[in-house]
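Listed below are the structures to be examined.
First chain A sits with chain B, and in the next complex the same chain sits with chain C.
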Partner chain A sequence: MRVALYREMTLNAFRSLLAFRAEVLLFLFGQLFRIFVQVYIWYALFGDSGQLASKAGSVTIQEMITYVVISSVISVFATNDVIFRVSSKVSSGEIAMDLIKPMSFRSVIFCQAFGTNLYRMLFELIPLIIVSLLFFHVQLPSPANGLAFLVLVINGLILNFLITYTIGLIAFWYILVWQVNTVLNGLIRLFSGAFIPIWFFSDSLVKFSYFLPFRLIYYEPISVYLGKVTGWQELLAIFIQQLAWMAGFLLLQKWMWSRAVTRLVVQGG
Partner chain B sequence: MRYLKLYARFIPIYFKSKTEHGFGFYMDFVGFALTHIVSYTVIWALMSRFQTINGWNMYEVMLLYTLNMLTYAVAAVFFFFQMDAVEEDVHKGSFDSLLVKPINPFIHMIIRSFGHFFLGDIVIAVIMLTFCFNRLDIHPGFGSLVSFVFMLLGAVLVQASFIVITGSMCFWIVRARSVMNIVIFGIRGFADYPISIYSKFLRVILTFIIPYGFVNFYPSHLILNKEGGALFASWLPYATPIIGLLLFFIAYRVWSAGLNRYQGTGS
Partner chain C sequence: MPLIHVENLRKEFKRQKRKDGFWPLMKSLVYREYEQKVAVEDISFTIDQGEIVGYIGPNGAGKSTTIKMMVGILVPTSGDVRVNGLVPFENRIENARRIGAVFGQKSQLWWDTPVIESLRLTKYMYEIPEDRYQQNMALFGDILGLDEFKHVAVRSLSLGQRMRADLCAALLHDPEIVYLDEPTIGLDVVVKERIREFIREINRERGTTVILTTHDMSDIEKLCSRVMVVDHGRLMYDGNLNTLKNDYGNMETMELDTEEVFMMDDALLRMGISFSRTDDARSQLVYDKKNINSSAVIKWIMDRYSVRDFKVKETEIEEIIRNLYAGFSQDERQRQEVIV
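Showing the complex of A and B:
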């Protein structure tokens, strides 16, 4: 019963996106340009030496290019408009319609984000992978690493959703959506390892990034993919950190939600 | 002259309508500033590990980023929201109102609004420019400063041309905003790093076909004295103003062609 409800919500988001092909094309091109720029930056930085020393042992240029491609694959799913969605529902009063639905507001938003991701998988991820395979030599992981990578990425994406959702709830108090979004994107760009792998960071930046959850979305899963994380203890440690951050944000959003609903006054409707 | 007088009337009205929003108006600047702070931090994090990229050190790369941002911001003050509004007008059919006024529609389009968003960028760019000049120990004399400013004006024209050309696409296709975004937020990003790092093919494109190399890479050669750094020909850095004028001329022709093609929705 419930499953059918979630499925419909997800498919609705999927269908409504079919009307916006231009945006998808834009995102795809933007993503491809970014891959090209980054690959050339790394070629220039590596210079003639095919490999560089780093905090995770020596890194070859092939591994680095694989890193760039996988990072942008993750960002296809991690780039979402949850913050904007939540705040526009709050400021327009549309949230009233969601409150009378027989599922929690969080699930409504999650289904819509999930539908968006399904759509992106077809129209962004597949073209992105095809182009990457044509132009770059992307390394494949060992089966075990690949499996661990998948689990960690899915966890990371759920964590990413919880972070954006929680921050979106700020809209109940302040409508500063795009500024907050800018701050968040900035933190992610710097400290997730999406652009510069943390193994190239200076010590102070490494320390800082370990206080933040963002590296669990990009850097750690990609490290596992590339086989830079060895031993199941380390894998388990990453997994547990992800769960801990997820639990933390779940509690936080629950607390914020309980405060927010009591503040909510929707005019008319 | 007449246009300047009109501008002096239009702009205060624009600002009055914007400052009504109060807090949000000022927060816009903060948001923009943060984006740039992150970008500089990324360059810092990368360059403090690797020292140089293709012979360019940290402050030289920061200078490139700053010039790209400065010239874009100056162009965007006069063109970005303006061209954005044109697209909306064309969709709604309210673009006719621009055509019946006794002013050249191109001028009217420019002066009827103002990209206050980008003023914050300009402030940051000027601060960072002085910072980079300081760190790189560049003390340009009066003569070279004047010629550098001329180069930058050419670079501003290059940036403006891309906004006008891509924005004018709305006369032909429905979702022109995507084209504008792809060029301005996608292709322009190639110029954030020295274009000499790219493949030969991309260098040719960024120099002769989509000449974003002229917004920062070529002009910067005049003040940085990079030995043999200029690609293709050593005189190319001096061509910036000519490239700018030429491209802006093309942009104006594209706009005019678009106007000719425009037929109102009949409302």
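Showing the complex of A and C:
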């Protein structure tokens, strides 16, 4: 294992970002506004009743607010620029400079994304959590649920990285990455349950969401956090689905990479 | 056994044909036409350990493409590349451990962090032992003068500083081979000299094999014992620099400044000397070194004129390469005529 190398790459990515502090502040404000808007929309929807019926039984306003906050926390990590990073490296020919190094391209991108995550953890996540705790009543999970949640979130984030990396590789064939990214964001927004929990979906939408990996990134871990998923069989089922999708994307990106390398044209110079 | 072995190497690119006008554009949305472009055509050579080889040719000749295939970034269309017994594109990571590369147009340094951070990263990247790393940093830092800017972010470096830092990063792990693709492009004379000295030093001290492409002929003259000339994807000359000069650079130019107005003479013409006048009214005589030497020419002139000043210039290597191209295309033409 070359842990030291990955550590140093990640730290370098982290250091690179220290140059752009204004960007982070703006992003943080954006996140906070979004939480406030979502929370007040849910207040309006719940009205006086304090709880709504759903596919996961009745949901209280407290649970819903907790859902919004946790979803924002996950999105701090899940919103990455992997697609753009990969595609810009391919189209500018900068990828050549990564390929002369004794390291896989995937690891380079992963370390850079991870460094970005570390950075955002410090400058976005912590302020976000503080504000949420001050203004909203966020429920805390039971220790067992909390632990399961943590495992599932980490898996979800790895899955999220693999999905975005694989899509980024499309840049070797088409320079449509902007558009693909927009479609992907739409899909994630709807089918991951990042904005509206899947328990409020109609039957057909719920079924459809089961064919996509996105709900494994947001909805399922948050459901576990809130104690909506009970029984270890259900937990295990989520975990296995995550592993299956991860394995699928690992294979897919490997296959795409092997095809991509043979058609690589290094632009300029 | 040679260190680098290249045989019948070929690389084709598919390029989309683009036409002007509205209808062709609409058509291209549905149906795309491609054309083959051959970047490298049937190149073979071997390079031994410790050589400094200059790889030269005009823009688009296929130099960078060949280097990128040797490095393992590009996959050849056909033919064979072996570096250290390995096929680079199949063993990219293993190959990358043993080589260093600098592409003058691109940087391998981290743009937003100080230079020293990128250099430190190479220590982990190539698993360089700490004492070796310190030793190399001290030596390279000295020759390249890194100390003055190693704590500055790469994005605020000048081109010359960035290039020196890039060279250092490419060589810290003591690679067996180093590929330098236009390492002196756009640099001033002082920095160029520094970089050349560094390359010479590394080659002499470490026995590092150097493959260098450049447009600056003084790079070649000062560094390379062997040159390969490539054009239109084909290797046109491979050998000693002096032989190339003797074979294609036999013309000499003499610039004269005389008291009296210099007049061209039939006798000079018969000696095979041609005459022209420069902008500042000096006389310029061009002759073939093989037929007549400069002392015979100057003697003939001094017998008839009083010479204030004179200068003898050898053919510059650009000229030599131009001659090589001209000769080559002439051979081509003759061959084609024979076929017709």
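To be clear about the criterion, the second predicted complex is superposed on the first by the 265 of 269 C-alpha atoms of A that agree within 3 Å, B and C clash if a C-alpha of one lies under 4 Å from a C-alpha of the other, contacts with A are read in each partner's own complex, and residues count from 1 in each chain.
Everything that follows uses one rule, which is that a contact is a pair of C-beta atoms (placed from the backbone, for glycine too) under 8 Å apart; a residue touches a chain by one contact, two chains touch by 3 or more.
Bear in mind that the values here come from a model prediction, so they are computed numbers and not experimental data.
In the superposition on chain A, contact is made by A:Phe201 with chain B only, not with chain C.
By the touch criterion defined above, A:Leu125 lies against neither chain B nor chain C after alignment on the C-alpha atoms of chain A.
Look at A:Leu184: by the touch rule set out above, it reaches neither chain B nor chain C. Legend: residue contacts after superposition of the two complexes on their common chain; A:Arg34 is shown touching chain B, with no touch to chain C. By the touch criterion stated above, A:Leu45 is placed in contact with chain B alone, chain C being left untouched. Looking at the shared chain after the overlay, A:Leu26 reaches chain B, while chain C stays out of its contact range.
Across the complex, chain A is touched by residues 13, 64, 68, 71-75, 89, 92-94, 96-97, 99, 101, 103-108, 110-113, 117-118, 120-121, 124-127, 153, 181-182 of chain C. Those residues of chain A whose C-beta lies close enough to touch chain B in the complex are 22-23, 25-26, 29-30, 33-34, 36-37, 40-41, 43-45, 175-176, 178-179, 182-183, 185-187, 189-190, 195-196, 200-202, 205.
Of all residues in chain A, only 2, 4-5, 7-9, 12, 15-17, 19, 93-94, 96-97, 99-104, 261-262, 264-266, 268-269 touch chain C in the complex they form.
For chain B in complex with chain A, the touching residues are 24, 27-28, 30-31, 34-35, 37-38, 41-42, 45-46, 48-50, 53-54, 175, 177-178, 181-182, 185-187, 189-190, 192-193, 197-199, 202.
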